[in-house]
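Residue numbering begins at 1 within each chain, and the chains themselves are lettered A, B, C and D in the order written.
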Amino acid sequence: MNDCATKIELIEALSNDAYRIRFAVDWKAFDPGQFVMMGIPGNVVFLRRPFGIARFSNGVAEICCKVVGRGTRALSDAKVGTRIDVLGPCGRGFRFPQKEEPAILVAGGYGIGPIFGLCEALLAQGRRCILYYGARETSHLLYLDELAKIGANVKCSTEDGSHGARGMIAELLEKDLDNIEKPSLFACGPHGLSKAVAEISRRRGVPAQVSMESYMACGIGVCLGCACKDADGNFVRTCREGPVFDVRELQWDSSPL
Amino acid sequence: MNDCATKIELIEALSNDAYRIRFAVDWKAFDPGQFVMMGIPGNVVFLRRPFGIARFSNGVAEICCKVVGRGTRALSDAKVGTRIDVLGPCGRGFRFPQKEEPAILVAGGYGIGPIFGLCEALLAQGRRCILYYGARETSHLLYLDELAKIGANVKCSTEDGSHGARGMIAELLEKDLDNIEKPSLFACGPHGLSKAVAEISRRRGVPAQVSMESYMACGIGVCLGCACKDADGNFVRTCREGPVFDVRELQWDSSPL
Amino acid sequence: MKPDLKVKIGSLTLKNPVITASGTFGYGEEFHESFYDIAKLGAVVTKGISLKPRAGNEMPRVIETASGMLNAIGLANVGLDAFLSDKLPYLARTGAVVIANILGSTVEEYAEVARRLDSAEGVMALEQNISCPNVKCGGLQFGIDPESAAVAVRAVRKAFSRTLIVKLSPQASSIPAMARACEEAGADAISLINTIPAMAIDVRTKKPVLANVTGGLSGPAIKPVALRMVYEAAGAVKIPIIGIGGIMNAADAVEFMLAGASAIQIGTANFVRPMAAMEIIEGIEVYCRENSISRVGELTGALEVRS
Amino acid sequence: MKPDLKVKIGSLTLKNPVITASGTFGYGEEFHESFYDIAKLGAVVTKGISLKPRAGNEMPRVIETASGMLNAIGLANVGLDAFLSDKLPYLARTGAVVIANILGSTVEEYAEVARRLDSAEGVMALEQNISCPNVKCGGLQFGIDPESAAVAVRAVRKAFSRTLIVKLSPQASSIPAMARACEEAGADAISLINTIPAMAIDVRTKKPVLANVTGGLSGPAIKPVALRMVYEAAGAVKIPIIGIGGIMNAADAVEFMLAGASAIQIGTANFVRPMAAMEIIEGIEVYCRENSISRVGELTGALEVRS
């Protein structure tokens, strides 16, 4: 992990409110599921903002940023060449599955970022994986081209049925799971999705890892601002012990962010 | 006076640290010596910044901005099309001389902005005027082309002698004054220049107006932050009773900003 | 449906909860001439008025800070006589609701100013400033000690028959204690916060930026502190609270009302965007409509706190 | 010539005046592993340590504000035992100067923690936090009342033989009185300020943003207030002052030293720029060189105030 002063190399709209942003970094590798703390250009926000690492190759990292507030707006409005500080890779990523088990990836919305990274890494190692990917509507399904290019097996759902199955991705997943032997789950998305995956994992006794979100001040484990509750009710740091947790490590009844 | 949300129409470097900036406004006229309170693009500073109005025609106003800190930096780095709030015209400008008296204009550094406006207005009325204009070095002499175009009679000095006379502009002025009948002085520049003009005015008994600077929070007369001392030792508001004062209205021994 | 924006402060009914803060609006003339009809405001609070005119501090008096500014104007004002003869008649003609902000370095001065304003037509309410952070000799003890505050408030209460608002200093170590002391002493409402004493230094010159060395911090920087104090005050007293501190837009104003304010004041925002107060009135109305709130008063203290 | 950056705090000599602030640096591990050799710092202040472990408050615990942030961590910490067994040995191995920040809800708890740290090797100084603005039951009275503060400080003074720093709350209505009380009670130095109690509200949900309702404000927003308080404290006592509050760069640090601080602490800046403390050490050195200052201590209180 280090903090590098770099520049935006590419910025590209993926939908009306999501952007692909690339920048050079000086780290050599990352674990899918890890994230970066991005300094936001201009002076519009004070703290950095966390983003999952979607891709990394040849020293260039990519994030997928969805505009939800002032910081994400300013980042997405930045131009190629804008100087930015990038701290990373932060946190603990996904632990890879046992060789023989099929990896069932589950992504919701911009959760596709880290999951794309995981998918690419698994396929590069010749592992079996299926990606379940849900969004509100077709235009919110991102990275479909890239997923096709890396040969991913993607099953989509949209809430309005405009692409793939109609409904929540967890429902589609649950239906298919009966036919998959020894699946292990890897999810990233809104809290509701993580909760659903945790519930499926518990009910079916299949292992599952989820990437959690939390408001973060430092991203490096020193402020204790990002805590979430572990299974024993103790606080653990989302930015350090997470963001990826085994669902059994966490308490699932507590209220989300 | 009003506050208009407008856009930068032109931004042009005049030297390595001074910029000409133009924007449409919805006022109809201004008095040379009046100023605008500019909202600074981005979020880098909190308060607005005052700038003398250098030109106004066909609904487009022009300021000349010298970079001295964060706000002037951000304003000068803005692009054409950047949205800005412009409050103006503020304050009291120069009172025009009696028809017969030759107007002796004196500008130092970016003080040329308001003085250019005054010069243009006087010439448009067919009034006699001579402009004494001093700067540190040649590259700091701005608006020379425009001054030539409007047919201004300009006498320059630079501290390094690289253009015009060597030395301070007040010295050059003082030398020439002997040969001018019934001059009246109009000055805008650093505090030292204003002080020198006030001193010349007092010694020779010639009328003089100077444009004063003060740190301003509101620019409209309500914060009382910009006060300067009048001849009786009372505070007057630079933004409202000024920025242009008759030198006899002010106290000249008090310390500058 | 148009929401009802009226709010009551003591015996005074304001047409909306947006008031312009003392020291940031002069005596109303500049705004009324150049920007908007100030009778559209809930009320106007005048620059602080003292018995005698005050010249104020030396220059520089203001400086920008991170998301805020410092001022050390030194409570410069025209004095009571000039206020009554030169400023009040203009204000009265505009039809604006006028709240006179008063200051004093002694209980007697407060009482004297209050007594004379009581007989002045056109002054609907007083706002008694017990903070005065910029004036060395004046007021500080009133602002930090509940007992001295009570003495000063009682004196003004006796001298003034209409609505009396007491404006608290953020330096009081217990806002609830201070608010209660003022309520018991007869205040009809509490306004807070005044600026927070602060300082800026120029490392180039190795000097304080302000001639007065210290000044008062205002603007968005102090909003979270002001919000907490308003919440504390609202929990401590029954009289209405007027929230002040870093309010720049309607959302900020609504935050203060949720925290317990019945009305709010716009200070530094007047410098940054002269139309701020008008925009905020409009924005509060929009918020009410979007949230199906028929009376703006429903917002006051509507914060949902888990317990 | 390289300026001498050494400063003395009590009997402790620091290699430079830059210290990392409690609660913003964990127990040093994260920074030492990923960013820099923490022995290069003047000192490291640990997260506040209580006798028993504390889980802290519910989520959310942090939120950004204008030029600052609010935190309501709730003084979460591993507790004294785990600090001694798990955290201190690591810190000691790094060679960093370790200042243990301690908290207590009673005088006895403070004394007990201090006593046990007195016999712990590797703890060079204590910083006694008498503020604890986030914990409802704890500490608040110590922070605002000079007499209670003195009692707590005396107890710790008796229990701890090395350098004792007392960290003041900005809620004290008189910083000079508080600083004097701590000096008389035996403090070797005063550090200030802790965060300012504050609040944020979400107008969409009508709820406080922080689960704890209120939190502590830190960052550039509070710098002008902190600077004023450091200036006041320095004028009131003879012992060294450590300045804290919104320091983001070397110029900020120099401002605090000019105001009277012998050393400074970097808090929230550690979150925004993990290398901040190193950059500030370098920047102070550059400032000294450019201003022909041979010992950084010459800066302390060098503010030129017209009188």
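Rule of thumb we're sticking to: a contact is a pair of C-beta atoms (placed from the backbone, for glycine too) under 8 Å apart; a residue touches a chain by one contact, two chains touch by 3 or more.
Note that the coordinates shown come from a computational prediction; the quantities given were computed from them, not determined experimentally.
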| item | value |
| --- | --- |
| For subunit B and subunit C, chains touching each | none |
| Chain separated most widely from subunit A, comparing mean CA positions | B |
| Distance between the centres, which are taken as Cα means, of subunit B and subunit A, whole angstrom | 56 |
| Between subunit A and subunit C, centroid-to-centroid distance (C-alpha), Å | 48 |
| Whole-Å gap separating subunit C and subunit D, where each centre is the average of the chain's CA atoms | 33 |
| Interface hub residues of subunit A, defined as touching at least two other chains | none |
| Residues within subunit D bordering two or more other chains | 65-68, 219-220 |
| Arrangement of touching chains [line / ring / star / complete / other] | ring |
| Pairs of chains satisfying the touch condition | A-B, A-D, B-C, C-D |
| Residue numbers on subunit D that touch subunit C, as the complex places them | 65-68, 70, 144-145, 171-174, 196-201, 203, 205-208, 211, 213-214, 217, 219-225, 227-228, 231, 246, 251, 254-255, 258-259, 287, 302-306 |
| Touch list for subunit A against partner subunit B, complex | 42-44 |
| For the subunit A and subunit D complex, residues of the former touching the latter | 1-3, 39, 45-48, 85, 87, 214-228, 234-235, 240, 257 |
| Interface residues, subunit D side, partner subunit A - complex | 23-26, 30-31, 34-35, 47, 55-56, 59-69, 71, 73, 76, 219-220, 268, 270-275 |
